[in-house]
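Input: one structure, supplied below.
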Amino acid sequence: MLKVVIVAILALATTLVSAYDPSPLQDFCVAINNTDSAVFVNGKFCKDPAMVTANDFFFPGLNIPGNTLQVNSDQVKLGSSVNLVNVDNLPGLNTLGISLARLDFAPYGLNPPHIHPRGTELLVVMEGTLLVGFVTSNPNKLFTKVLNKGDVFVFPIGLIHFQFNIGQTNAVAFAGLSSQNPGLITIANAVFGSNPPINPDVLAKAFQLDKNVVDYLQKQF
Amino acid sequence: MLKVVIVAILALATTLVSAYDPSPLQDFCVAINNTDSAVFVNGKFCKDPAMVTANDFFFPGLNIPGNTLQVNSDQVKLGSSVNLVNVDNLPGLNTLGISLARLDFAPYGLNPPHIHPRGTELLVVMEGTLLVGFVTSNPNKLFTKVLNKGDVFVFPIGLIHFQFNIGQTNAVAFAGLSSQNPGLITIANAVFGSNPPINPDVLAKAFQLDKNVVDYLQKQF
Amino acid sequence: MLKVVIVAILALATTLVSAYDPSPLQDFCVAINNTDSAVFVNGKFCKDPAMVTANDFFFPGLNIPGNTLQVNSDQVKLGSSVNLVNVDNLPGLNTLGISLARLDFAPYGLNPPHIHPRGTELLVVMEGTLLVGFVTSNPNKLFTKVLNKGDVFVFPIGLIHFQFNIGQTNAVAFAGLSSQNPGLITIANAVFGSNPPINPDVLAKAFQLDKNVVDYLQKQF
Amino acid sequence: MLKVVIVAILALATTLVSAYDPSPLQDFCVAINNTDSAVFVNGKFCKDPAMVTANDFFFPGLNIPGNTLQVNSDQVKLGSSVNLVNVDNLPGLNTLGISLARLDFAPYGLNPPHIHPRGTELLVVMEGTLLVGFVTSNPNKLFTKVLNKGDVFVFPIGLIHFQFNIGQTNAVAFAGLSSQNPGLITIANAVFGSNPPINPDVLAKAFQLDKNVVDYLQKQF
Amino acid sequence: MLKVVIVAILALATTLVSAYDPSPLQDFCVAINNTDSAVFVNGKFCKDPAMVTANDFFFPGLNIPGNTLQVNSDQVKLGSSVNLVNVDNLPGLNTLGISLARLDFAPYGLNPPHIHPRGTELLVVMEGTLLVGFVTSNPNKLFTKVLNKGDVFVFPIGLIHFQFNIGQTNAVAFAGLSSQNPGLITIANAVFGSNPPINPDVLAKAFQLDKNVVDYLQKQF
Amino acid sequence: MLKVVIVAILALATTLVSAYDPSPLQDFCVAINNTDSAVFVNGKFCKDPAMVTANDFFFPGLNIPGNTLQVNSDQVKLGSSVNLVNVDNLPGLNTLGISLARLDFAPYGLNPPHIHPRGTELLVVMEGTLLVGFVTSNPNKLFTKVLNKGDVFVFPIGLIHFQFNIGQTNAVAFAGLSSQNPGLITIANAVFGSNPPINPDVLAKAFQLDKNVVDYLQKQF
């Protein structure tokens, strides 16, 4: 019985749920990342402020290139890598409404069409040449641009966007995002790779695809 | 010269830009829908409150079934129809954070996978049987349910969702959305039907499709 | 002693306090509805997201007419019934800023003057004929309209409004509200039926009523 | 013709619509109070910041007692006076989310039951003895207290509240409100004194009053 | 072991962290001020609403002059005193976005340059003569004014401001602030008196001061 | 006369006032940067969305090192340079809540103690070694850290912070800020270099400095 009690208490801190937009109500509210969890809040529980140290606001290693040879969980090799510093790995970001990412691209590497449901992305190219774009809500207008070293581009919150290395060399970019937990919806994976899969009739009709193609795609993702 | 001046002034009211989340700062702020426009704000300009009448808060005709035989702008027949009452056609909704839709479905009609970037949808079925679902951000978990008459289901803001009539009769639903301008991104159209089209290399790589298939799809949407 | 501990832990989830406006900080944050409670937050504590199922986003039965013959808690028969689907009975609504209601009216049934302090109401008439209206803040202007089947009307947040069945048949309406917990202040009940009662000198002076009438009214509500 | 143009331009600044909750997007945004107006925004248009002076942030005369002998617009003598400093008379308050009021009470003077739809009120008594209270949303619980010099009490946003001088001397209080335009709904006036009047059948049924009494009250307010 | 459990539970309520801007999600959410704490939220945990009484919204004693002879924690006698009523001593203010302060000044007393990072201040002079001012963000423009009895002045959120008694008598003022926890950064103390001290090379270079002067100042504060 | 009219109209777009926190109410709202201005809003007026192009979301040149030899406007050579990309030079950022900066430091260069009143800063070091820190609101605790290449550190909104190159080589950093117009208050300049100057009695008393030193400092800044 007592064991149950302890588990329930540890549950007050959590890993999976994270925080975003509402204003901070104190100087800071450093997230607690416990792995046992049963009770959550909108955002994250916080650490006792008297226990907070400078390390809670610190994250190292963003100078290290990401592995663009990785095969992602859906067995698709895209030739890109995103290292996101958000409230999950930099707990001091909690309640503060910002995160940061390093993006690496092999030649012809792609960060495929995706949405951040809770954040605008502001990207600066450090090395290489990227074709980038975003599509507005209906009607669907594409805004696209080729970016070189030092170029900055903004992808508005909630819109589908992508970055594609059209150069023959590696490319590197950094991006700020307007949330400590911007979220990520990779369109192809969400549509064809959800768990459980979406009813194939829905996808065949929506994408004007033969059901065999839908079946093939659902196996890929 | 004077003509130019007048046009610029009319431009203060606008049709295309609409309003959503920030709190109202007065009892109401009825949107002005002018078609000449050159200057905009975050949301909409408003009507002189002394000129406002009850009709500014009124919209008729939601008892009329939508045309589910329609062929949408991308020449795709889905067998569904959505009649959305938002700030564009009910100007009194401006600054008030809510809208309403009537959804009609022919047998096997589909409201295809889409996102409302600025609104949660709360749906109630009036007639028929719908298979509905939404997919979370990565990792992509599908939550799905069969709904009958009187059933209510919620689709959280910013997530991909769909409604599919799996019955042999027409289906009707009403939905409230948590914004006066929730926005709509129909996934298939935004990805394969944007104007101009997304670079086909991007889509072929992202969706694991042969470029011929991408080319075919881009012609459909 | 141990018993006390357990009760305190259960208190983390609660029934009475509910959530509304601040943005969601994750895809969803399904409310936990525990009845034992001692610790609360602004809004509601949430369920472990790994335990969430489609049923957490589901509520059945809104096809069933409300009982318009009911006598409310203040022994007043108004001939109306409101069935509200909010975060208290549809926990998936937590943090998502919307709720839904079914309103039934007997002939001459009244939903009396009331305020939703945290929500705008957007109503559509399904059957019957309603006289509706809202009153602005000082100076008090009435906006009023007769609504028939398919008509939509918006009642701005925080303003006094009412719906009155002026037809000889039953009337039915559905309404979206811009909060998962819009709140409800029925004016007559709040003023004349509070517990404990408001000092009758205050009410007699405010409403220009004889103290005997105030006394009578305080007994009614 | 030119005259029309000029009027339209002046219309960009307005008196009647005011601003409240959304965060300021610059150090300040001093409201412009023009009397000609045809175009409005959520909140107020602002003055050129280069033209702003210290006087835009200044308002004199809150040391002067209000006239508690006044007969208000509804011909009701309540023995109280409220002098509100909000964005309408202190334009520097625009976008800053706060206002201030001086309240004067003759012996037995009453600030009758009312609601601020957009603001919490925090009151401090300077002189005299006040009976104060507020009523929660349904179910309607009254929280009440007798306040003396130096006592502070908070009335939460959107709830019905009142202040009543139960002493035999004048009373004075100051109050901060959490909006530059908190709004004011005096319950009795809004219900019985709206323009045009609410259908008397609605009021008779809602307040359990004889229609003759409703008729009498509608003439009073 | 059981003891550990109990401490962890008490930790759910806390003294040090407080709440501000996001909208209230219920009528009220009275803060709990426990001194044992290990788990926090953005803002404060709340009391069971069924246990709330009128005293939770009440704070006495603001008629008592502050001690302007006090020597503050940095051993500096400034001749002023601020008595702030915020969510820490008036728990009913939690989630409601407002606080109140009484300011007392001895002749030539100073409330030194400071910032409220989470609140605008709206001040009214009750007695005496104050020189007040605030400085905008870069470029740094000073807005300044001499205030007498009954004068009101607003200091926008996040800007450096001060109040200085330039009269030969005591001065008294009241101020509303647009947050239940506006925060306070006294510039001189934060810069020269932080714990641990800021690197003196930083301060010498930033303030164009000799390192001996910086060393002297860091000993003062 | 006509000329006056035209100027007033152009005034609808503005350079000096910028936008930040409230949510976007449409996909984007690209700021208009006109230099003539007489009417403003909270934030910025926007461009006709039909006229928007990809270049509105684009800013080049952040690969170019800033000039760390510059003498700033107060004739102080600090050995640092900040190139901020915000809504003033990247109009597509309007309403989107994020900005980006490149920071260059000569050896021993200093970005002196300052505050962003409307934004948290998230910094990543690209080259060199920086001593960084921030000070909490009262009581004033310093959080400090030495950062090397690839290290990330967060400076919470509204708190005093600094970055100091303690290496013998140049240093470069990039920073995201959680507002399209975060604002900047350089403490030493705002206190000692405002225009007009703050009353020297105030500064002498606040900083415990001899009036001659205050006089000297006010001439420096």
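Going in written order, the chains are labelled A, B, C, D, E and F, and every chain counts its residues from 1.
Just so it is clear, contacts are C-beta pairs under 8 Å (C-beta built on N, C-alpha and C of every residue); 3 or more make two chains touch, one makes a residue touch a chain.
These numbers come from a predicted model, not from an experiment.
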Listed pair (A-E, D-E or B-C) duplicating the A-C contact set, over half by residue number: A-E
Chain E and chain F, separation of their C-alpha mean positions in angstrom: 25
Approximate Å spacing (C-alpha centroids) for the pair chain B, chain F: 38
Length of the line joining the C-alpha centres of chain B and chain E, rounded to whole Å: 46
Residues of chain A engaged with two or more neighbouring chains: 2, 5, 9, 12, 19, 22-24, 27, 41, 43, 117-118, 133, 137, 144, 157-159, 183
Set of all touching chain pairs, with the criterion as stated earlier: A-B, A-C, A-E, A-F, B-C, B-D, B-F, C-D, C-E, D-E, D-F, E-F
Chain A - residues contacting chain F, complex: 24, 27-28, 52-55, 57-64, 85, 90, 92-93, 96-100, 120-122, 124, 126, 133, 136-137, 143-145, 147, 149-159, 174-178
Chain B residues within the chain D interface of the complex: 2, 5-6, 9, 12-13, 19, 22-27, 29, 32, 41, 43, 45-50, 94-95
Residues of chain C defined as touching chain E within the complex: 1-2, 5, 8-9, 11-12, 14, 16-22, 37-44, 117-118, 181, 183
In the complex with chain A, residue positions of chain B that touch it: 73, 76, 78, 108, 110, 112-113, 115, 117-118, 131, 133, 135, 137-142, 144, 157-160, 162, 164, 183-199, 201-203, 205-209, 213, 217, 220-221
